[in-house]
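Here come two complexes built around chain A, the first alongside chain B, the second alongside chain C.
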Partner chain A sequence: MWKNIRKPVTIARVTVLESIRRKDPYVVLILGAAMVLGAGLFSRFGVEGLEKFVKDVGFTVTTVFSIVICVVATARQLPAEIQNRTLYPSLGKPISRTSFYFGKYLGVSLMSCAVVVAFFVLLRVLLLVFGIPVGGVFYQALYLRVLSMWFIAAGVLCLSLFLTHAANVTISLLACMGMQLFAHSILYIHDELTGVSLRLAEALYWMAPHLELFDLSKKVIHGWPPIPMWVLGGMTLYGIVYAAVFFAVGCVRFRRMAL
Partner chain B sequence: MDTKSVIGISDLTVVYKAARGKSIEAVSGLTLEVEEGEVVGFVGPNGAGKTTTIKVLMGFLFPTKGKASVFGLEAGSVEARRRTGFLPEVAVYYPFLTARETLASYATLQEIPASDHDRIVSQLIEKVGLAGRDREPLRNFSKGMLQRVGLAQAIMGDPDLLILDEVTSGLDPVARRDVREILLEFKSRGKTVFFSSHELSEVTLVCDRVILLDEGKVLEERALDELRKSMRKLVTVAKGTLPASALPDGVTLRSVNEPYVTLVTNTESAQEELRKQLQASGLEIVETFQDSGSLEDYFVNTIGHKVT
Partner chain C sequence: MRREGEYSFLRTVTSIPSVSSFIFHPSSFILLICLAGLIAAAPLAHLLAPQLYVEARYKPGEFQAAKESIALSLMGQLQMSVGDLMWLKTLEYLHNGIIYRMPSQREQSQGLQAAEFTGMGAGVAHHDGPSLVPDKDRDWRGPLGDVDRHIEPWRPGHPQHSDPQELIPWYQLLVKFNPHYVQAYTNGAFFMSDFARQPEMGRDFLIAGAEKNPWSFEIESVLGRIYFDYFKDYERAADALVKATGLAKQEKRALAERQDKLDNIQGQLLGEAYLFLARSYTGLGQFDEALAACDEGMEEVPGYNLLRVQKRIVKKHKAGEGGGSE
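Now for the complex of A and B:
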């Protein structure tokens, strides 16, 4: 088992090391920390109701920056390997393209998850310092955000084999942010639609990856109780299925590509 | 196919899709074979199809038509790559990793046990002359140093076959000598080496056989000894004025440096014919000698344009 997984783990390790040494995560972490701490300062002035504001800013920063770092870092991986020809010596070794692709996926997903965890730790420390309580839903939010990183990384890595780097980053960011912000809008307008437009809206709703389902920030902000475990399990399954589909499509494409 | 055949390429055609629906035939019906223990130089001008052929052998490109095999296995298969060391044309590695980290990563991919990594990586670093620089990030390395890292990863695990694309590209004379020594050491142990190069002098120093490629086709394929014979020139230096009459067939004028003329022939009979004609015209034969000839001149003449 370990013998088979050593090669993708090595590719993942190289991917994470390269990203860390390029200082990719630091930029967003420092910027994010500054924004969260800035929001936290308002509480120090004793303004009423800013507990929710701090949580809101913290979660917005975490969501936006973790998606940005995941999309940008993932979109670069394979095109940069091909353009810089760094993949030739690697693929000259006895490693299958599937293992190489999996290693890249593992690397960017782990790096993105580490950024999410760092943001949550920062937010938790800040909330502790200001004496703002969080329930179990905070940790469920962390779990689902981490899960969404695997989901997003699989999609972006797959798209990087079909689109140029710039197009991939633009489309992926629009899709991620769009689903976060506008997915519910389809439900709101559903009753107003008829005929073809209704069918199109339904097809879009059922086929689109619902990233907004991985966002429990509003529940944390408003102090809701934890969501049932079966819902969490369902979300895990949903994320795994989507990530697996994206991974499979990308992998088939990569295996057939002329390099 | 012969059981000793290490590389077998049969009727290989590779077509690239170009812009506006056009296509480019980079390799056209290429057939060649490399036997076990041979050192074969794969030479030709830019765009001849050398790198494309090598990419097919490594499984980076797929044949449009024809077949390629390595050790009798499908070219590019994991099993074939397990026994092959490969150096790509432009050696680029992860810039933020050190040479030691890079080679340790390749050691894992090469299936070398983790307990041996340190020892093997240290040996390779020593062998390619990077001792003392192995803990620096590769972004600080010159092109020649990166090529040394590339060579180290290529020979890692003592592969049975080395496929090297432009192996001496960007190397200074000392590094070239080091590379040559490594290749000759491989050759002495009966390993097979297949390499492309623009450095024709390097080819003559290490190869058993040369395959000349142009426009995706094999133009000439000869053992180096045989090639050297055909490159050999017989030079005659005479004193006096060259007669206005035509020179015998197979004689070319190399230079005129009053009062001396230098003439070149390929065969002894042509040289003898020339000698008689010059003496009959009143010229004095000053000197005759053999010139081993230049591989570059030979290839330029064969291809009909400059080898770059």
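Now for the complex of A and C:
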């Protein structure tokens, strides 16, 4: 059992080390520092009771930067390995393509989760400094954001086998950032639609991976109470199902790829 | 002896590796050169500044070129869009994160109408329709809808409004992006003065807005009201409100030429401008001017009944019967 797990774990470890060597964590630290400096903006307004604004800026920065880092880091994994020809010596060793693919997925997902946790720690410190209280919903938001990293990494890694690097990064970022806009647009127009267009809109809504459902930031910003545990459970299941689908498609493609 | 002492001091200094390596390191020379450059740049900048002076106003040729520039047009559209997005953000804050939308045509035909909210004074009035995330009985999404109602801020029933103080930074940011967003100045100043209890901040915000929008009667109207309400400075209030009514007349004329008229919020603000002008004159003891302001106001804004009440108060004051100006 351990022998089977050890190989992808080793690949994952190398992926994380490679990310550290490429100075990705430094990027996180620099972005974090920018976030803290941005918080200096608040003192300029000189009005008390700006908790929502501080939380809003902090969460926006955290969400955007963690998604960008996850997408960029994941999208380059396999194309870089193929382009630099470092994939061949790895596959020459007694390791299956599935294990290699799983190891890559594990590595980038863990790295992205670490980035999210680092951002949330930074954000929590920032809120502590400003004396802004956060309830249990803050930690629920952290959980869902971590969960979304596994979801996004699976999707981007899968797409990296079908699209060029630039196209993958662009499409993935648009999908991650624009999913809420897409869902809201369907909700806006749904009542005015009829017939085929209505069925099409509903089918699109059902099939699309709803990344916006992993975003609890508005609830934290506006001081709402924690959400029920069954919702977190449901979202965990939703994330696992979608990540598994993306992983399976990517894995099949990787195994059949002529290298 | 003395020279020997100096040498020994130098030896001591240069024998400390860190100090000597710092002094004689090439980067120290680069730093020194940069420092010298900065010192030299100060008088140079002083000499060059008048040559680099750019006039704030466009010359006629430049204005035409700016109108035809695609890049400037795109930048202008971006400016408007960012401003509008920030305006939506203020509404989101006001509704505790819940997004409301206007009812669709089908909903309107079924009798669902947007409720008008006027609880916070003129300029802050807006319409609240149903929430974007539908109620359970109207939702077609089944379990996804149930999850969405827990993830997105959502509450059944009528909208509830949060502390508007939280909106202030968005107004401040909004006018940085679009300094001609007049309603951001009027709303922001109202919330600063009223909810945040910082009338000085509200006044300065409006003065900055008036500098950037010298044609806006709305800004002068709210400025006059702030002078009246929070500073009891009737003279300045009257000055601002006279300016406001003059600008409003110009705007009405310009709108009439285009077969248009003031909207509801503008009409409300104009009525308030005449009301507070009359009150300011009353506070200054200038009863004839106050009566004239009431008469003019009733003519300009016929539906604004508070002016009739104010006229009666002024008449009582004039006859020596009344108490205060309120």
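Brief remarks on what is shown
Convention: the second predicted complex is superposed on the first by the 242 of 259 C-alpha atoms of A that agree within 3 Å, B and C clash if a C-alpha of one lies under 4 Å from a C-alpha of the other, contacts with A are read in each partner's own complex, and residues count from 1 in each chain.
One rule holds in what follows: a residue touches a chain if its C-beta (ideal position, glycine included) is under 8 Å from a C-beta of that chain, and two chains touch if they have at least 3 such contacts.
Quantities reported herein were computed from a predicted structural model and do not represent experimental measurements.
With the two structures aligned on chain A, chain B fits next to chain C without clashing. Of the two partner chains, chain C is the only one that A:Glu192 touches; chain B does not reach it.
Once chain A of one complex is fitted onto chain A of the other, the partner contacts of A:Trp224 are limited to chain C, with no touch recorded for chain B.
In the superposed model, A:Glu18 makes contact with chain B only, not with chain C.
The partner that reaches more residues of chain A, of the two candidates chain B and chain C, is C.
In the superposed model, A:Lys7 makes contact with chain B only, not with chain C.
Residue contacts after overlaying the shared chain place A:Trp206 against chain C, while chain B stays out of touching range.
In the superposed model, A:Gly233 makes contact with neither chain B nor chain C. When both complexes are overlaid on chain A, the residue A:Gly136 reaches neither chain B nor chain C.
For the overlaid pair of complexes, the smallest distance between C-alpha atoms of chain B and those of chain C rounds to 26 Å. Comparing which residues of chain A touch chain B with which touch chain C, the overlap is empty. By the touch criterion given at the top, residues 6-7, 10, 13-14, 17-18, 21-22, 84-86, 88-96, 258-259 of chain A touch chain B in their complex. Those residues of chain B that touch chain A in the complex are listed here as 55, 58-62, 78-79, 81-82, 84-97, 101, 105-106, 108-111, 137, 150, 153-154. Every residue of chain C that touches chain A in the complex is listed here, in rising order: 93, 96-97, 99, 101, 104-107, 132-134, 140-141, 143-144, 147-148, 150-153, 162-163, 165-166, 168-170, 172, 192, 196, 198, 201. Note for the complex: chain A touches chain C at residues 42, 45-53, 184, 187-188, 190-192, 202, 205-206, 210, 212-213, 215-216, 218-219, 221-224, 227-228, 231, 234-235, 238.
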